[in-house]
Structure formats: structure tokens, C-alpha cells
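In the two assemblies presented below, subunit A is common to both, partnered first by subunit B and then by subunit C.
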Partner chain A sequence: RYVRQLQRLQLLFSPTAADARGARQFVEEAAQDFARQHPDVVLYVSPRSGPGPAPVLRAEYLNGTVRDELIASKTSEEIVQLATKLANQSGLDIIRIRKPFHTDYPSVQGQWHPLTNKPSILTVQGPRLQPQ
Partner chain B sequence: VAKTSLTSPPWPEVKLPDPAEEAKYHAEVVQKVNGLISAGRYGRLFAVVHFASKQWKITSEDLIMMDNVLEAECGDRIRMEKVLLVGADDFTLIGRPLLGKELVRVEATVIEKTESWPKVNMRFWRRHNYQRKKIIANPQTVLRINTIEIYPCLS
Partner chain C sequence: RTALSTAPPPEKKRWLRAYLELQRLQAPPQRRSEQPNWDYHAEIQAFSHRVQENFSLDLLKTAFVNPCYIESEEARRRQLGLDKDAVALQLQDNTALAERGLRFARAYLAQCFEGAYPELPAKGVEALVSFLTSQELVSYVAQNLSIQDLTLCRDFPAPPDVLQRTFLAVIGALLESSGPERAGIFVRDFFIPQLIGKDLFEIWKVVNPMGLLLEELTKRNISAPEPRITRQLGVNTVLPVYFVGLYCDKKILAEGPGETLLAAEEEAARVALRKLYGYTENRRPWDYSKPKEGLAAEKAISSN
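Up next, the complex of A and B:
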């Protein structure tokens, strides 16, 4: 009952640029293994010809966030590690989270208030009802 | 000997009940709780679990995040031992300090393995021309607790 949050990985690079060497090696050697290990991620390889912007690995998640990672001048193992890291992430923004836990049902036996575990005379009579 | 203010302790004296009677009472309570568990008459269960050097109070279907790397892939089911306390609406089972593995079963799935937000680690000494800046992103894992189950084998 586990759904991977990564939708697709787009590998945009140009086959002639010098800094896309790692991307080309990754495509030749490791892309097929990666695709087989993660069968629920779609991997698109789109080479764009001519001198263009830097090679980029774009990850799209199920909640619509798009994350770009530069792969210029990186070896193919580093790109594999980056890709696995992106595949294990979910599309939430990486900001400071205040609590490391989240529950929908915070209390099972009833939330504590100052009158639990006290004799019920206090709720019935009240603290100051006797005449002074 | 005369009685002073320090002869007896200031707290009220507590008389312990008979050990045989107490044993009978304990057996009765244990039987009742066992019957309740086997009949399945409990609502949500919560548990206190010791995991990643921290104690968490968890129910089913809730998220937990830890600042380390587990050796399990995304989507793996994990069984958590080291359960300290299990409670439901009417009864609680308190372990001393742990509960048995045949009593409780807590299952969780690894959902996500990300990194934390980039934290800045900077060192600066004044008048010494020394400053170092480093950006740290810890690896984190997110687990979702699937189920907490108890089995009626008290004694």
C-alpha cells in the first residue's frame, strides 16, 4: 500500500556539451538499471541539440512540485545517487518543519484537564460555595 | 518514649492489603482484561514506543520523522519492538520496562527518505580573520504507523 511520490524524471542535456559527459555516461550505462529498479517512475531522456542551458535533471511529483537539479560536471555514480535520492523524496517543500510527528487523533483516553483524577465533589459543589 | 513531631513520618500511613487477597484480585482483573481483548471490545489503541533513541506516543495512521537513515527501502514494512506502554479506552498495559513481543505488535512503513532543510553551520572568531561556513542537510526518514495489535496472552 505504498505509492511512490515521484511521477517522472526528465533528463535534459545536449549531446555535444562538455559538461554533460556524466549525463551521457549515465544514459549509456546506468539508466536502464535505474529504470528497472524503480518500475513506478517514468524516465524521459530528451537530448536537445546545439549549445543550450546547463544539463538538468527535472523531477515532478504527484502534488505538482517540480524540482530541478544541475548535473553539469558530475560523474555517473553521483547522478545515480541524486536520482535515487529524488525518487525516495516526496513533493513537499524542504522547509523547517516544527514537529517531527503528526497525528489525526491526538488523545485516546480523553485529553487531560485539571479536573481529571480529582473527586467529583469539586465539579458538583465548586470551590467557594460555602459561606465564609 | 514521648511522641514528638518527628516520631512518625508526615505522610499518612498506608496499610497494604493481604497478599492472598491481592493475588486473587489481580487474577480476576487479568482475566477480565484478557476477555475484553479477545472479544475485541476496544477502540483505538495507542502505544509508547522507544525508537531512534526517543520515545514516541503513537496511534495507528500517524506520521513520525527521524533524523537518521534506516536500512530499509521506501515501502518496506517494519515491526517495532521495544514497546513500553499500550493503552485503549478502558485499560492500559504497562510494561516493566518493556512489554512482551507476544503481546503487542506495532507495524510501520517507510514512506520517504529525504534530507532536512539546509542548515547553516558557521564558525567565526572576531579579530582573527577566521570564518568557516558549511551547509548541512541531514538525511531524514518518514514512517507511517500502520497498525497496533494486541493478543490476549496476559498472565
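Up next, the complex of A and C:
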């Protein structure tokens, strides 16, 4: 069955800074709907007062990866889109995928090896029968 | 003189910031429950939604409580000097649920394998079931379902036997809350995909495949196999390859490669056993469709 790989989202922002305006609007308007649509993701909203670092959306996945995304000067809709993108990702590292295909059963009829289509040494080649 | 300045506080010095960053990086890893932003109840609800199962939350909370946690908590309270009543925690631990979960999982998996591979003998089924309920596999599955964050246990990071016990207790809790059918589907969905890509004799260590093959053939009234060399390559070199075929009544049973003649014969016996038990690489993949009604009664009997 499908298990969503996103465990929890932490929204760390400042209640007074100017670049956290989108984050504050997200918390007021869209955070509850997002939480209702994704019941298996725990959403933590933690405002930190005072001049602190930039507002960040921290995503923790089931395999332990923690991803921080800056949400400074983003609108509420953009933050919703970003959150859904994180919710649909798995926690694997974002690196170049070598090949876009994978199979657990690489061969159905048996892998070829140099002796596949060669006759075995037990087959006896008798004298050619003359047609009667 | 006592005027308060409303200017922002001066930032930490550059050298101090470097030192604090080093302290942060060298700090020992802590449990997720001790880091900021943690709500146990919300996490447990999210867990039950994540696996798409309806749990009764008290059973689930008891499933995560381990006996080592209860002992360590009682020791800590006794050390802090509380009286006897406050020392005894009102928490049940998960050993009973874990035992029920283990029994149910073993019975269900044995039933699955007997249905899917009817030719496989009891020892093979036993080997597969014990592989699937072994510590490494169960703790690996539990780690990837974030059970190591939710368990309450004494050491951090949680040792694999604790994770295994907790996961089996979760299965036991599911059995109590939703009944054997849902629990069976849960076990099937999380344990059987771990067999993908695995060969039968990687899991089931067989010492004498030829002897086992002879027993199987006598059960089916087929005469003893006669090994013959089918193909050979590089006989006089460092890396020879011999293909030995096993013939019963002049008909081919199986063929296997090997470096020496003995190794090739053993491999041919293993290939023959795989064919007889129906566990080849090109068998039909596992059937994950809805279970039929008739199995429900059997499962209920086997779990009790």
C-alpha cells in the first residue's frame, strides 16, 4: 500500500519580519486545509520572535532526511504548492538518476550465457537416415 | 540613566558564532521526542493515517511502551525520591501484544506460503517465515515507518530487538482493534514485498541438496537422477565451467553450472529443487488481490 514518506512539516517563521508575510498568511488561511487534506503529515507551526534567521519550511521524511526550504518573500499560494510538492516527494537525495527504469526480474526465460544455444555434448549425431 | 534602548540587540560575535556552531555539530544525537516540535498524540494519529489503518489509540499507545522504558522510568522516579504510589507507573507494556502479533504473523505467513507454494515442505515454509520475522528485517521495516521515533524505550537509538517487539505489538494492536482480516492484509502488504529479488536457497540454507532431491523424487515415485556432464568450457584452465544435467529415466530434470564437477552437481540439484517447489525466478508474481471469504474462518481459527 502507499505510505506517504513525509513525516512532519515544521514552519519556522517570525511574527514581525517582513519577509515572513507569506508564511503568516499561509498559517492564517491555508494551513488548516492543508493539514486536513494530509492527515498523515504532522504540521508544526512555531513562531520565533525577535530578529532571527529567514523563515523556513523544514520537512522530515521517514528515512531520516531533513530538507529546509526558504519561504522568505513567497506568497501563500506558493507556499501551499511547495508544501504539496514536499508531501509528494520521498526522502531520497535529489541527485541525477542514472537510468529511468528498474526491474526486479531482469530475465524471464533465463539470462543468455555463451552456452545457451549450443548443443550439449550428450546429443548423439547418428548416421544420416536415407529417405525411404 | 535607566532609559531602555529599543535598538535591536547586537548580534553574537563572529568567533562566538563559530564556537556555538561547533558545539551544535558535536552534540550527541537525541531522540526526536526530546527535540523541539513534538506532539506525541498527533504523531500517533498521523502514524495510523500513514498506514491507512484504524487503530484504537489506547491499544496503539500501549503497543509502543517497552518494559525497559517502564523500568528506567521507575528507577528514575525512585532516584528522585517519590513515594511508592507515585513510583509505580500506570502503564502496561507491550509484551502481551507483541506475542499475539508474532503468533498471528507467523500463522498468517505460513498459511500464505502453503497456499502459494503447495509443494514446499514444512522446513522450507518455516525457514521463509522465520526470515520474514527475523530481527534485521522487522527492524528495517520499522525504521522506515518511523516507529523508532514513537517507541518509548531506555536506549537511544533503539536496538533492533526493541523495534521488532514494538512492530509486532503494533500488529497485535491492529489484530485487537480491526480483526484478523485487516491485520492479515497489513502483514501481507509490509512483509511479503521483502521477498522480491530473493532466491529460495539464500533464505533457506540447505546443506545437502542432493539428499533432499532424492527424498523429493522418492515421494513422487521418480527414479534416482543420473548426473551427466552437458557442457564444459576451459577444462584445463584456471576457471573451468561445467554444466551438469540431472537425468531421470533418460529425461532431463535440471541443469546447473559450477566451477568443479561437484559444485556443478550440487547447483544442478538446487535448480531441480527450485523447479519442483515452484520457486523459480520466472514464477508468477505474488497475488495481492482481495482475499476470498473462505480464508477468513481459517485465519480466525489459526490466530486463536
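Everything that follows uses one rule, which is that the second predicted complex is superposed on the first by the 113 of 132 C-alpha atoms of A that agree within 3 Å, B and C clash if a C-alpha of one lies under 4 Å from a C-alpha of the other, contacts with A are read in each partner's own complex, and residues count from 1 in each chain.
Operating definition for what follows: contacts are C-beta pairs under 8 Å (C-beta built on N, C-alpha and C of every residue); 3 or more make two chains touch, one makes a residue touch a chain.
Everything quoted here is computed from the prediction, not taken from an experiment.
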Please determine whether it is subunit B or subunit C that touches the greater number of subunit A residues. C
Which holds for A:4: it touches subunit B only (first), subunit C only (second), both, or neither? both
In the overlaid three-chain picture, which partner chain does A:46 touch, first (subunit B) or second (subunit C), both, or neither? second
Check the residue A:108 against both partner chains and state whether it touches subunit B (first), subunit C (second), both, or neither. both
Which holds for A:118: it touches subunit B only (first), subunit C only (second), both, or neither? second
For A:62 in the superposed arrangement: first (subunit B), second (subunit C), both or neither? second
Following superposition on chain A, which residues of subunit A contact subunit B and also contact subunit C? 1-2, 4, 104-105, 108-109
Subunit A partner contacts - residues on subunit B that touch it in the complex: 43-46, 56, 58-59, 61-67, 74-75, 87-89, 92, 109, 111-118, 142
Subunit C residues touching subunit A in their complex are 8-9, 36-37, 39, 42-43, 45-47, 49-52, 144-146, 149, 189, 196-197, 228-233, 241, 243, 245, 257, 281-282, 285
Name, in rising order, each residue of subunit A that touches subunit C in their complex. 1-4, 7-8, 10, 39-42, 44, 46, 50-51, 62-63, 104-105, 107-110, 113-115, 118, 120-122
Subunit B-facing residues of subunit A, complex: 1-2, 4-5, 85, 87-90, 94-97, 100-105, 108-109
